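Chain lettering (A, B, C and D) follows the sequence in which the chains are written, and residue indices restart at 1 in each chain.
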Amino acid sequence: MSARICGTAAEAVAEVADGATVLVGGFGMAGMPVGLVDALLEQGASELTVVSNNAGNGDTGLAALLARGRVRKVVCSFPRQSDSWVFDDLYRSGRVELELVPQGNLAERMRAAGAGIGAFFTPTGAGTQLAEGKETREIDGRTHVLEHPIRGDVALIAAHRADRKGNLTYRKTARNFGPVMATAARHTVVQVGQVVEVGTLDPESVVTPGIYVDRVVSL
Amino acid sequence: MSARICGTAAEAVAEVADGATVLVGGFGMAGMPVGLVDALLEQGASELTVVSNNAGNGDTGLAALLARGRVRKVVCSFPRQSDSWVFDDLYRSGRVELELVPQGNLAERMRAAGAGIGAFFTPTGAGTQLAEGKETREIDGRTHVLEHPIRGDVALIAAHRADRKGNLTYRKTARNFGPVMATAARHTVVQVGQVVEVGTLDPESVVTPGIYVDRVVSL
Amino acid sequence: MSLSRDQIAARVANDIPHGAYVNLGIGQPTSVADHLPPASGVVLHTENGLLNMGPAARGEDIDEDLINAGKQPVTELPGSSYFDSADSFAMMRGGHLDVCVLGAFQVSAEGDLANWHTGAPDAVPAVGGAMDLATGARSVFVMMTLFARDGAPKLVPRCTYPLTGIGCVDRVYTDVATFELTADGVVARDLVGITPTELAQRLEVPLLTA
Amino acid sequence: MSLSRDQIAARVANDIPHGAYVNLGIGQPTSVADHLPPASGVVLHTENGLLNMGPAARGEDIDEDLINAGKQPVTELPGSSYFDSADSFAMMRGGHLDVCVLGAFQVSAEGDLANWHTGAPDAVPAVGGAMDLATGARSVFVMMTLFARDGAPKLVPRCTYPLTGIGCVDRVYTDVATFELTADGVVARDLVGITPTELAQRLEVPLLTA
């Protein structure tokens, strides 16, 4: 159904429920939907599962959500960073669950959710701790691991521009997880730098078609 | 390795070997690499497996390749068209093998080849003739069929513009199978309307990065 | 007295929710577009790689690079987007289309669809995107005449033609009635030129009263 | 007398074929870029979504939307292209990168790689794209000092640290020698400040003569 343009970040994230799986875009700070994450903190949803490449930087954004005890579980590829002290403390003291996923499997599992693929065999991670207990199969002489989709109840992502139909463009490496997360969630919320009129974006250059977008807010 | 700009279509298709699996872009005539298919006819490779959405129109292009007996097997989703008499005759008289694949499975199997996915479970085709004999599995209460990658020795595709590094843009619905075929073949040959200098194409709007392209010819 | 193809198309169009993303199969279903005014907010998808497809192209608007799934020249509307076949079918398979409208040879009471192959031994088979659409769209609407030329009903207890998809059809729009295929059974509504009794007699499928 | 990090990087750069598509892992491998002149035709990939990455950005060229996999500001070169993470890792997993260069804690004689986790019980684990690169690139080059600070060799018969990938490493560039991991065994070449006898004594891995 058509995307809705929201006036505030609070309105855009109003529908996130307790216990939701929330896909959060960004690679480090590039493409991080800071305004939406801040609004989610205010909104108050708890017992969240957060799927994101990293697990928060400094004391704001995802880190603040973690610090306030709103996150039950983190699914990510690279939690450990120089400024990931909030996650590090929670993890070491057993107050947050971690599912560590190779970055490409993280992306591909969300892609599978968005593309209606039930499961897939990937060579990545075969023979490592991160594939322990998973089904494997030899294909073309190589061990493959069966991986399942990661589906979000909500995706919070950042894009560069949106038109009023929810078509999105991104900017440079801030694109990263935004497009795949938009496909993988039942409800996709986007913060953009600018909302433009329909017909402004070049149809050849739209990266995320509006079909994947539910809420847009310009921040 | 870097793409090479060729002077002629003959040079671009010189490396196609007898018995090769050749992915041929296009949906009907949109995106059909007519010049490359004609050059392949001249070049003489035979015993080919052709993977393409359709199986030739009229008496030229793919139809001519079929008529000259160069094609052992066709893998496609929609051979039957108002002007597919060449394929129809060969098929009815048992002179060409047909593997009929739902269009989305055709695209996704090539995507798997390009993306290093060993196999995947898809709901498409479950319970139909086209899944007979294939492994199935219930996932989330739904029957899924295990499908395997379709890898090309060569891809012949058409794009709109290429730069000298092989980066490609497409035009409207002529994009169709070009991008996925470029990823799925060991050797990708592209006919374009225009070759432009490096730096001319907007990096945000490149659809097929040059890493997937081996030969380019402007026709 | 029964509905024309155009009248069936109007019925289908009337049931498509505002702002829905919709794929219209090749053939008859294409005509549903003629009954969707711009105010419907409906966005048309064509599986060869375009969202927000416009009407058929005529004269100078014809562009060989801009066609629909039936390979006819079409136009793009403001706010459209292009994508490749892998992305287009990912969109379909992933359940992102709200509605698709397909033709059919047969539909079973359980929603099985047969629309790609007559099963005739000399037929050249062709499936295209039919299985992907039947499997992927959130709602699958079928548009067909209820009876074949020989009078045999096309809404049947079990399909005898090769299947396109299992249990995928939600609603069947025909020239004499619309059928909802529910978990409890088949509900017929909006009958035209046929009485409930007559309809029940001509079908081998038990009907629930609406 | 042994090679500096910069000298190891120069050796790696020298072995990268003209026109290759290359991913340089975060940390030390990043410095390989400094030894790849434009005439090398090498195109650098960063897994967060860019091909034809340029050197580090400084001053006014810094753009928070343009970073490398180590999250440092970088630049784009003419002929670059951006793509999302799913497409970027498809490119890696699909075997389209000619070479990746990675750091390592340990490499085994059979080419197993351990570079993501020390296995220490209180360590916060983080894998990023290491497993994807190790599995996907056509050639995997490792850059490391041959001996840990305590003198223990890092080229070993079997890795004791948790694995990143199995049998994936093709070549190991170190401060005292370069090792080719072949089907027949490990070949040492280009020794610096160490004799073949000394090298053989300090490693538990049997060496073939080049």
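Heads up, the rule we're going with is that a residue touches a chain if its C-beta (ideal position, glycine included) is under 8 Å from a C-beta of that chain, and two chains touch if they have at least 3 such contacts.
Note that the structure is a prediction, hence the values are computed from the model and not measured.
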Counting C-beta pairs in contact for A-D and for A-C, the higher total belongs to A-D
Expressed in whole Å, how far the mean CA point of chain A lies from that of chain D is 28
Between chain B and chain D, the Cα-mean centres are separated in Å by 34
Expressed in whole Å, how far the mean CA point of chain A lies from that of chain B is 33
So chain C residues touching two or more other chains come to 50, 76, 82-83, 89-90, 92-93, 135-136
The positions of chain A in contact with two or more other chains are 108, 111, 115-117, 122-123, 170-172, 204, 207
Each pair of chains that touches is included here, namely A-B, A-C, A-D, B-C, B-D
The residues of chain C that touch chain B in their complex are 46-50, 63-67, 71, 76, 82-86, 88-90, 92-93, 117, 122-132, 135-136, 162-166
In the complex, the residues of chain D that touch chain B are 17-21, 41, 43, 45, 50-52, 76, 78-83, 89-98, 135-136
So, in the complex, the side of chain B touching chain D is made of residues 1-2, 111, 113-117, 163-165, 167, 183, 198-199, 201, 203-204, 206, 209-212
As the complex stands, chain A meets chain D at residues 27-31, 53, 77-81, 84, 87-88, 91-92, 98, 100-108, 110-111, 122-130, 143, 170-180, 207
Counting only contacts in the complex, chain A reaches chain B at residues 108, 112, 115-123, 137, 139-140, 142, 144, 169-172, 202, 204-205, 207
